[in-house]
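Chain naming follows the written order as A, B, C, D and E, and within any one chain the residues start at number 1.
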Amino acid sequence: MNALLVRDLKLAIRAGGGFGLALAFFLIVIVLVPLGVGPEMDILSKIAPGVLWLGALLACLLSLDRIFALDYEDGTLDLLVTSPLPLEAVIITKALAHWITTSLPLVVVAPLLAVLLGLPANGYLWLAISLLLGSPALSLIGTFGAALTLGLKRGGLLLSVLVLPLYIPTLIFGAEVAQRGIDGAAVQTPLLLLAGISFGTAAVLPFASSAVLRINLR
Amino acid sequence: MSLWEYANPVKFLRLSSKVLPWAWGLGVACLFIGLVWGFFFTPDDYRMGSTVKIIYLHVPSALMAINAWFMMLVASLIWLIRRHHVSALAAKAAAPVGVAMTLIALVTGAIWGQPMWGTWWVWDPRLTSFLILFLFYLGYLALWAGIGNPDTAADLTSILCIVGSVFAVLSRYAVNFWSQGLHQGASLSLDKEENVADVFYQPLLFSIAGFVLLFFALVLLGTRSEIQFRRARALSLRGNAQ
Amino acid sequence: MLLSVSDVSVSRGGRVLLEGVTFDLQAGRAIVLTGKNGIGKTSLLRTLAGLQDANSGRVDVPQDTVVYSAHLDGIKYALSVAENLQFWGAVFGTSNLDVALETFELEDLRDVMAGALSAGQKRRLGLARLLVTGRSIWLLDEPTVSLDLGSVKQLNKVLNDHLGAGGSAIIATHTALDLKGQEVTIDLGKFAAPKTGLAASEEAFL
Amino acid sequence: MNALLVRDLKLAIRAGGGFGLALAFFLIVIVLVPLGVGPEMDILSKIAPGVLWLGALLACLLSLDRIFALDYEDGTLDLLVTSPLPLEAVIITKALAHWITTSLPLVVVAPLLAVLLGLPANGYLWLAISLLLGSPALSLIGTFGAALTLGLKRGGLLLSVLVLPLYIPTLIFGAEVAQRGIDGAAVQTPLLLLAGISFGTAAVLPFASSAVLRINLR
Amino acid sequence: MLLSVSDVSVSRGGRVLLEGVTFDLQAGRAIVLTGKNGIGKTSLLRTLAGLQDANSGRVDVPQDTVVYSAHLDGIKYALSVAENLQFWGAVFGTSNLDVALETFELEDLRDVMAGALSAGQKRRLGLARLLVTGRSIWLLDEPTVSLDLGSVKQLNKVLNDHLGAGGSAIIATHTALDLKGQEVTIDLGKFAAPKTGLAASEEAFL
């Protein structure tokens, strides 16, 4: 398990700045938003929590196809499935590796980038917390989507179409936590729901993903 | 004789060919009665004027859009558990019909919304979760279209349907949480105070029955053509074997 | 008896390729599968490896004894030769890395990124993985592809050593191997299904 | 040339709804935005032109890696480069195929989806025109980016990081045209600039892309 | 003289692999390149195909006469066998599809999606492409990989016909081919560069 995690992290880093890339993408999206919607700070700061969450979602999305596709294409997945490792554990490890390389850096810098969008200061903490609690769900759901589209060459667009709708509850609760944090309202309910989604997906989705993987390798 | 016997594709083809004309006939008749009655023989609503008549398309299609997904869910479960091909193909056939229903509901709703709310669209929870359902349909269809091997596609779409259902319910809840509504609450429950008046209610029931029957007919038709497609594939596999 | 296959039919893409496949594999012995392109060698091996279900019949493979080596070698181009092998060692809970490197003359390439290997060197790395796993039954799909003559000889020797040590192997190949009489060659042509044979999931529609 | 175009379109369609997927993705992005930033129509309609342009940009982006990567992985590109077709023509054809499968459908439906964001009615036409004029540049720039990241396995994130900054001028002028259309201001200047970018990239970038391709195949 | 290589050195990954490579290719003749894994056969062929520059020396290849067939066959899995060949026919402005299908026994698979082919069938499709292009100089990198014995014989025949018709070929291979004395075999081992040889772009830093 450990070996797999280490290997995945190593590969992500050697493929050219595993950590940096997700960050750079996130940054670019955050910069593009004012360029698209105009520079008025009052509008920007109103949409800031949502935009930050959407940026994180997209950064996550764009790195999903690396989770299994590389291993599938070079035959590693066949060998992993026939190895002594339980497939569910393989899947959780891969989701974890994805989370570490993609989401974790985002959680750390999101409050920094929030400055660019004029997010009110009392929102920083809750933004970070919401991302921290919600992003594992993004990786786990994404892993499921990646497993579904395994057999398809460059199925990036299909993957997005499958995964983004599944991201909706996470997005809503996540943005809501950040928004309520800014408004000074009670964040407890959406926060618990967010954590609930992360735990729920961690408990259930790996089984679905492993079934899907086996079907795809058949 | 067990009901499962009709899960055999060949038997299903035979039985459905007998049922299909009835479903068509009854469906068209009900819909015709419902629409004609509703459009021409009911008074205008005191608040909404004649626009209220959109209800005869809007409500049945919205109902069927949701129920079609539910049917797909059940069919997917049956396929995964009992491996009846008919079940998987029925789910596949229901999806485009469901999408069409969703679109009808969206479009009629938007047309209704323009005079009633002064806008084609608002991000009301009911509307939003309906749009989200549409997205789930799109994903489901895209997965069917993307995968070559039919059995693999059946398996994967079934799993997606189940996982998707859970997330659709979650989304529904989340959306409620996210915005307050403008849209009508449930008004068909029989014991409610604010039920639509009887004059509107009876033709509506006909129209709903018509939609249900037509849905049934369309799914039967779709399933039949999917089965025939697989049959042709099997035959050509046999013929083209090298 | 290590592994037994009885009356198995194998299908792929909806058609039955092979039927009535029956054989046993003993310790210290090898089975060489031959047959023309497209007969179903790869499909049979995938069935034995558990990646694909048999269309009918019984496949008995004891748990955790088999290692599968496919057309593709599962090599990570961004890892060095040694790192590639280390990973599989960790997955299979073993660590006889050096032996594997030495056996397939990869010591010099130990720290080279696998992406910079030539076709044959990659294949040798893929084969070295077998030694690292410590499994006793090898399922090999065309192991000699891309190998130069020296490497084919070397592979032959490795196989003989493996059989000598009580291991066993099932090998699909188009090139002749010299396994000193420890092998049974099975021409899959004799199990070839009639062209009209359909897999169960297709039969259902007729 | 024709054969290549036909083949690319065929492949896009067989890979499962080449046209539909970009649309579906676009729709999803448009739905996600309100879910993130909140349902208030007045804010949404203010950011609508920018969001629609960003959505189109992302839909474009996500399908870029199909342009060369598939042909590279299965060896086709080696064979194409050594074929009698001039490489620049190959590149223009591939950009065209990408534009037809991705951008063209977006141009058509963007005004429809604009309803969801409450885009003022007088913006529809200019939105469509701006997308029509600007999207060829997106495909051409994207082709260049795809050529740059060719050697990298699953370089989707890197590709985005390279390409998105190059998209900035197109995005700015495109959103500006749509915005001015809504405000009833003069659209001529940004419109000309937008068209200029599209023509300029069509004239110059294929040469850069073909140089990059040759280097990557070396 | 169709193609000539004089005093060429070939480098890959910053190291010189081969140096002083010199040979000429005549019409109706073939050159068979041999040498152990990693010696530089693929790199040399890529140089001849114009995909890679020679480190030094002269490569003379007349324009539009060469077709290259690599380790990978450039097959589109989502196109049928015939569609794959048609495409290459259109690119090279030719249309002798049926001959190519017949020669490599692919007629039965004509309308099968290429993704559903076995390893050897894919290889045969890749080889059939050569016939479709109508080019006279074939550069073949390990053409016999994955082929069954029958197909290897068939390939041999195709090659002999090609040479007989005045075509020519340069073939990197580990398996013996029977080209009826029309071939010159070059063991690249004799051109192997010393391990310390660096490519020009690396030399520059020393």
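The working rule: a residue touches a chain if its C-beta (ideal position, glycine included) is under 8 Å from a C-beta of that chain, and two chains touch if they have at least 3 such contacts.
Keep in mind the model is a prediction, meaning the values are calculated, not measured.
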Exercise. How short can a path of touching chains from chain A to chain C be, counted in steps?
Worked result: 1
Exercise. Farthest chain from chain B, comparing Cα centres?
Worked result: E
Exercise. More contacting C-beta pairs: B-D or A-B?
Worked result: A-B
For this session: Express in whole angstrom the distance between the two chain centres, defined as the mean CA positions of chain A and chain D.
Result: 24
Seminar exercise, completed: chain B to chain D, mean C-alpha position gap in Å, rounds to 34
For this session: Please work out the Cα centroid separation of chain B and chain C, and write it as a whole number of Å.
Result: 49
Problem set entry | Residues of chain B whose C-beta touches two or more other chains | 132, 135, 138-139, 142, 146-148, 175, 178, 242
For this session: Would you please write down the residue numbers of chain C that are in contact with two or more other chains?
Result: 13, 38, 71, 77
Seminar exercise, completed: chain D touches at least 2 other chains through residues 15-16, 21, 24, 28, 35, 38, 153
Exercise. Residues of chain D touching chain B in their complex?
Worked result: 15-17, 20-21, 24, 27-28, 31, 34-35, 38-39, 41, 44, 115-116, 118
Seminar exercise, completed: chain D contacts chain E in the complex at 2-4, 7, 10-11, 14-15, 71, 74-85, 217-218
Exercise. Can you list the residues on chain E that touch chain D in the complex?
Worked result: 49-53, 64, 66-68, 70-79, 83, 86-88, 90-93, 129
Seminar exercise, completed: Per the touch rule above, chain C residues touching chain E in the complex are 13, 35-38, 42, 71, 116-121, 123-124, 142, 145-152, 174-175
For this session: Can you check the complex and tell me which residues of chain B touch chain C?
Result: 8-10, 85, 149, 151, 227, 230-231, 233-235, 237-238, 241-242
